[in-house]
Each structure stands twice: as C-alpha cells, then as structure tokens.
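Letters A, B and C mark the chains as written, and numbering starts fresh at 1 in each.
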C-alpha cells in the first residue's frame, strides 16, 4: 500500500514544492491522524496494550506460572479470565503475555527494519550493480515463504530464548518491506529538491540524512508497524508449533497450551480466548493507525476522506458569508 | 517472449536460492544439530541409511563443495532421503501423499479469498466515504489480524466440539478409503470446510484493502475522467475501466500474499490434523526428523515459486505493457 | 457574439478547490461566450485556472473542486442542472474534449479501437458493428490514421498518433463545441505544428466551436478567433485575435507574456521573464491579483480588484489602462 506513488490530480495548484514534500512526512501523519477517527481508535488501543505490557508486574495480581489454583475454573471474581488446566491464572498470563509478545514484536521488527533499510535503501540510493544484485536478492526472499523458513531455522537452532526468536523472525521477515523502501528511494532520488541539493554540492550523506530521510519517516513507521504485526503473528505461529519458549508466557504460548492442554475437549473457552484476541486486537490497532499513514502517502485517499464536494461548497459559502456580514 | 524468459530466469534463481538455503542451514548452525539426531536414531537405522544421512547433513570429512555437488545431484534425481519418523519410507513418498491435500485446500481457499476480497474491495471503493466502506475495511482489518491457528481453534471449539456440526480432524472420514467416488468427494469437502474458512477469513482483508486503495487511486486517473466524459456509465467506469487497471498491482501483490497464505495453511493443517505438507512439517519438527523437514521445506518453497511464476505469466497476459518491457 | 446565439456561455463562474491549506479560487468570476464555429483561445501561466475552466465547462471537475457560483451552459442548457444520466448522454454528443496527453487519457489495458467503439455503443446504440467500424474508419481517415492502429494499445502508438486519435474521438458525434486543454503541449515542436494544422483543417470542415487552452500565446494567436488571457483565476484581457497581436496596448500581464516569447532581433534572442512568483490562490492579495508583479501598479491597484471594461476593440481588467484611456479622453 505504501508503494503507491504520490500523484496529485489537481493540475492547477502548485504542489511539488520541496517544503510540501517534507512536511508531508511524520508531521503529516500526526496531522492526518488527528482527523482520522479510525487512527485515533487504533492509537488508543495501541497505547492501552503498551501500558498493560509495562505495568504487567503491577496489574497481574498473580504469577502467570503459579499452578496453585483450582484448574479449569471459568472466569470469576478471583480469576477474572478463569484458570488453565494446570491451575494457572489466565488473566495473569494474558498480562505477562502482552509484555513478552510486544517485546518480541518490537525487537524482531527493529531487526527486520534495519535489514530492510540496509538492503533495500542504501544500494538503491547509489544504484548500479550492487543495487541490482540486492534487488534480486530481495525479490528472492520475498517469494521464499517466511513461516516454513522460520520453522526450519528454529528447528535447527534448538534454542528458544526470546533473543533467538527475535533474530530468526527478524532475519526472515525483512524482504517485502525492503522492496517498498527501495521503491520509495528510487522515486525520491530523482525529485526536484534532491537534484537541487545535489546541484548546490551537498554530499550524498547530507542528501540522504537531510533531504531523503525526512521524507521516508512515515514509511519507516509503516515498516516498523507491519514488522511488529508480522513478528507477533510469526512468534505465535512458532510457539504454536512448539518451537518457541514454552516455559515463558506469551500470547502464542497461551494458544499452544490451550490447544495441547485440552481446552477444546473441556470446553474451556476462557483459556483459549484471550491469547488470540490479544494478537488480533493489537494487530488491528496497528492496521488502523496505518490507515492514516496510507492517506499521507496517497493524497487521493486523503482527498477522498476529507474533502467532499459538498463540504467545499459549504465551506465556501461560510467564508463568503463571513466577509459580507 | 523476453518477459517470459525474464520471469523464467527469476524462477531458476529463486529455486536455486531455496535449494542452497536448504543445504547451508544445517551446516551453518553451531554444533551440527544433525549429530544429535544421528545419535538418537543410531540403533534404529541400518548402517547404509545412517551413512546416507551423515552425508546429507555434512557429518563427513568431504570438502563443502563436493558435498554441495553431491546434494544437487541427489536432488536432480529426486532423492530427498529417508524419513526417520516413518522409517523406512522415503521423503519423496510422504511428499507425494501429502502435497495434493495441501494444494487442494490452500489452492481453493486462496482463490476464494482473492476473488471474494477483490470483489469486496471494488464494492468498498464504489461505496467510498460511506458507512459500507467503513464497515468493510475496519471489519476485514480485524479479521486480517486474527492468527490462523486461533480462528481454527475457535471454530473447532464452537462448531465441532460444542455443536458437533463439523468433524474435529482429518481430511476424510476414517471409515472410508480414498477413491474417486461421489460419497468420498463429499466427505473430503465436508472435512475441508472449516479449514478452508479458517484460511479464507484472515486472508480477505489484505485483498480487500489493496483492491480498494488501488481502485481509489485509479479512479483519479485521467483515463477514468476521459471515460466519464465519453458517457460511460458509473458501473462501466468501475468495472470496465478502473477495476482492470486496479487489479494489476493486486496481481503483483500475490507474491507477498502467498507467503502469508502458506504460513496460514501450515498452522491450519496442524489445528485440524489435516494430512498435508504443513502437518507433516509439524510432525518432522516434533520428531526432529531433519530429512523430512528439509524435503518439505524444499517442496513448499518450490510450489510457491512455481505458483508465483504462473501468476507472473498471468500478469503479462492482462497487462499489455508488461509483455514488452518486463516488470520489476 | 451575443449570448443568444452563443454555443457556450459562462456566466460569473467561480470554481473552488478544497485543500488542507484552505480553499483556493482557481476560477474567479469568469464570464465568456463562444459563438458557433469560433475558436476561443485561453492563455495563461500554469496555475492560472485555465485547465480548471476547461474541466468546469465539461463538468469534469476533480472531486475536491466545485463550481460554487455562476452558470455554465452549452447550447443554452445549463451543464450543472442536468441529472447524472442527462449529463452522460449530453456530454460528448454536444460538447467533447481533447486532453493534454492521450497517453494518460487512453486506458492502458484496452485497445484503442475498443475505446473508440465505446462512444458509439453509448450514444448510438442502434448502430450496427459494421456501421460503427465504417464510421470510425472515416473519422480516422480525417485525421490521417490507418485503421490498423485500432488494435493497438495506447503505449504502442506515437504521441502524435495518439493525439490524432483523441481528436477523432472528440469529433466522433459531431459536437458543436470541443474543449481542447493543451492538446499539443505534450508533443515535440514539429508534431505540435502538424496537430495544430490538423485541428484547423478539421475545424474548417466541421465548423465546431473550440475552447483552446494553452500557456503559449503564439500558438493561441495562430489558431484562435478570440483570445482571453487569464491570471489568478480571472480573465484580465479578452479580444478578437485579429486585433490582438497588433493592439496598441495590453494588460501588463499579457505584455509580460508577449515579452517572454523569444524574439529574433538583430542582436539575437531576447527573452524577458515576468518577475515575481505566481499568485497564491488560497490567500489572494488585496486589490488586483497581478499588482505584486506589475511595474505599472499604483495605489488604486492595491485597493480594489479591477473588472473587465471595453477599451477600444478589447476588454481589459486593469486600472492603469483605464486611467490612461481617461487621460486621453479628457486631455
């Protein structure tokens, strides 16, 4: 979605000034987000999960791994989300699971975004042979299916620490976003303001840092967010196949234990429900925030949502009315 | 023609990459993990099988390059080794029995998701700015973030365990033997319904949103204005002029979508104990059956690569510009 | 050129764009009329509102723009009072358009011929396939294009060929008015001249009226019967092309346009660009929109916006010209 080119339909308004290009990055995003209800809802959910993750020790009430409660209790006053087949508190697991899932998500996304930047962006700026090789490399990694690759890698590694998980997910999930970043660099490289900077003798490093990077901030954010969502889903997948850290508590391992501990046979819906819902809700919050981002990179989407013809007519008459009265 | 050769070249490069990853991964790991496996199966395997496995996983004094040539040679002859879990059944045999299930399930589900999602995307773009669009995009955004295994488990819990409407596992009724008859086909379809839904639902959102945004982008293009000026009806503008152009990026998006689908299918097969390659991969991982794991990874990757190649050819067919210039 | 016989009448039309920065008045209280068979050239720098005017005439404004005031009528019928369906059947039959670049106005994935046929399928549904085919071939021969090109896609044709086909499509239903928005701008100089001659030749045969939009005053004066100069959404000078080039005085902006055309003098080229930057349509200046760039501006120009007044054979919106005219009349 971020691949779309910025293209104004409006021929009669000057629109390609460097200032406009620059402000349409991160601040543009924040501005659009302020007006976009979906993005606001997404942001609130997102912050909510972050808070749960940070405050886990305070709000969890019990240890997530303590097995000293009656097993398979439905939700009640003591155990808001019920208990597992082993007698663990599901609410505590959910809260602590939020923390560890977010850590893996953010960590893996940081790694994969770094890769996406180094492989997708840098060669693209200089172009030439290295860029072509890297582009092919990227395209190959896009088509090699990610989860099977992660599964095989994880099975060989035989180490399910959080860090290992992050590295495996990070190293396998960068390609799609590298391509998006590369496409953006290729268009930015030839924009007027970049040429202007080049003609005034600015160094490549200066151009990259001062001219190009500011215009890529929103894309970085998108990349990070898609990375987080992808990583959390991947982690849940690996955990579900028993390749994760099953002594730890995460949204993914909650699903694993619910499945393997007989939640289905016992009809223990409360055991199954929270883990996946956490992933789905958190993922939705990221995607909702991305709606605002799409509107920044794609003016046609923005125009569509904010500037209907009726509103223009109303606004104009309001303006005229003011100046006449 | 150049376009086809170009795509074929890419297919070969990516296939070579998948094959090479398969070779390098076990050799890259600190303390070759295959050693553990060999130790475990020491008593159960014949000396010849053991020697073959040692060779396959680089537990040998041969130089790397010789091993690599040996490995490529074996692959070309279709030798993928012998499964340890199902000893002495060969890996190729397991693949041959499990791949059709996966292709059938994943293929049908993906086509349904792509068509349904794309149609909904056109519809959402048509109703842009209206409540219908908002509900569709937000709703499928949520379903798109649901992990496949979670959705599968929920459906199982409610529809199979609670209401007993659907079977809880397997791809056909245990009382039947596979044959080309109508009752058997019926049980296959019946068993595949829940898994298929589990693959389709999370997949819809991506197609929908992609198509919707492309449509809105396309609807601002000059040839749309031209078509409107000529008097083409709104429906004609949407379907004849905009949708076909908006579809093009969706087709290229397929490469990324298919990765998501394959990952989903693996998990869904595990949830429903569906005897496809995903379920076998799960079995291989659980039993540390590295030859089987390697073979499955290879066949999954190659299937995806070939699928992508076919989609690229399709793209060349519907975009007259690509035929001559080629696409990146 | 009275309004009763005019093919096109634009009455006090104002078009506004909505953007995050605010409302931009791209067309500001514009009135004009085009008589049958006449060619009105509209000139101005990019951003002056001339393309918006063309889109407004066609009722093809982009979704973030609206005609907020005024009336635009073709053959006496108000374009903005028709229902969507009436408009669909009226447009192209009576008023059609040639766009700047046929590369982007032709659908890239549909063969050119199919797009041509579509016009007849919509407007002449009773015509048979064979009749349509014959009609298209006639039209193509008029613009000197071989029918075999119909099976091609837009990107497979040259720019000149595409534009010829676009012209043939525009006159397919014998409209009384064709709006041409920079129809030759995307072409190189030689082809530009060819297409221009083609337009003139066909116009002489078919006698449709034309609104010819361009940034190039020379081009416009070559083809037009009347010329209107636009600045900041307003018409600042309008007159018959016959008198235009030889006129005694011009609006200072028109003068600037004339001076910025390269002239071959004894010393070589002399080009004088108009100083200053294009007007801000979102935050218009008080007074005459051109005054910040005008060397003749005086206090009256800062206080109010001039309106079009007849002076000699043309009309001007300029206080300086009015003042000089008054001085001449009174002393």
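As a convention for this text, a contact is a pair of C-beta atoms (placed from the backbone, for glycine too) under 8 Å apart; a residue touches a chain by one contact, two chains touch by 3 or more.
Just so it is clear, the structure is predicted and the values come from calculations on it, not from any experiment.
Trainee: Classify the chain contact graph as line, ring, star, complete or other.
Mentor: Topology of touching chains reads as complete, every chain touching all others.
Trainee: What chain lies closest to the overall centre, CA atoms only?
Mentor: Looking at where each chain's C-alpha mean falls, the closest to the middle is A.
Trainee: Of the chain pairs A-B and B-C, which one is connected by the greater count of C-beta contacts?
Mentor: More C-beta contacts join the chains of A-B.
Trainee: Round to the nearest whole Å and give the separation of the Cα centres of chain A and chain C.
Mentor: 48
Trainee: Please report how many Å separate the Cα centroid of chain A from that of chain B, as a whole number.
Mentor: 22
Trainee: Just how far, in Å, is the C-alpha centre of chain C from the one of chain B?
Mentor: 54
Trainee: Give me the residue numbers in chain A that touch at least two other chains, ranges are fine.
Mentor: Touching at least two other chains: 9, 304, 308.
Trainee: For chain B, which residues are shared contacts with two or more other chains?
Mentor: Each of 220 in chain B touches at least two other chains.
Trainee: Got the chain C residues that touch at least 2 other chains?
Mentor: Residues 62-63 of chain C touch two or more partner chains.
Trainee: For chain B, which residues count as touching chain C in their complex?
Mentor: Touch list, chain B to chain C: 220-223, 225-234, 240-241, 244-245, 248, 318-321.
Trainee: Contact residues on chain C for chain A in the complex?
Mentor: 16-20, 23-24, 26, 46-52, 62-66, 68, 278, 281
Trainee: Which bits of chain A are touching chain B when the two form their complex?
Mentor: Those in contact with chain B are residues 1, 3-4, 7, 9, 38, 135-136, 139-140, 142-149, 151-153, 155-158, 176, 229, 233-234, 236-237, 240-243, 255, 258-259, 263-265, 267, 269, 272-273, 275-277, 279-284, 286-288, 291, 294, 298, 300-301, 304-305, 308.
Trainee: Could you please specify the touching residues of chain A with respect to chain C in the complex?
Mentor: Result: residues 9-14, 31, 303-304, 306-309, 311-313, 315-317, 319 of chain A touch chain C.
Trainee: Which part of chain B faces chain A closely enough to touch in the complex?
Mentor: So the residues of chain B touching chain A come out as 10, 13-14, 17-18, 21-22, 25-26, 29, 33, 36, 128-129, 134, 137-138, 141-142, 144-151, 153-154, 156-157, 161-162, 168, 209-210, 213-214, 216-217, 219-220, 249, 255-256, 258-259, 262-263, 266-267, 270-271, 281-282, 284-286, 288, 290, 293-294, 296-297, 300-301, 304-305, 308, 328.
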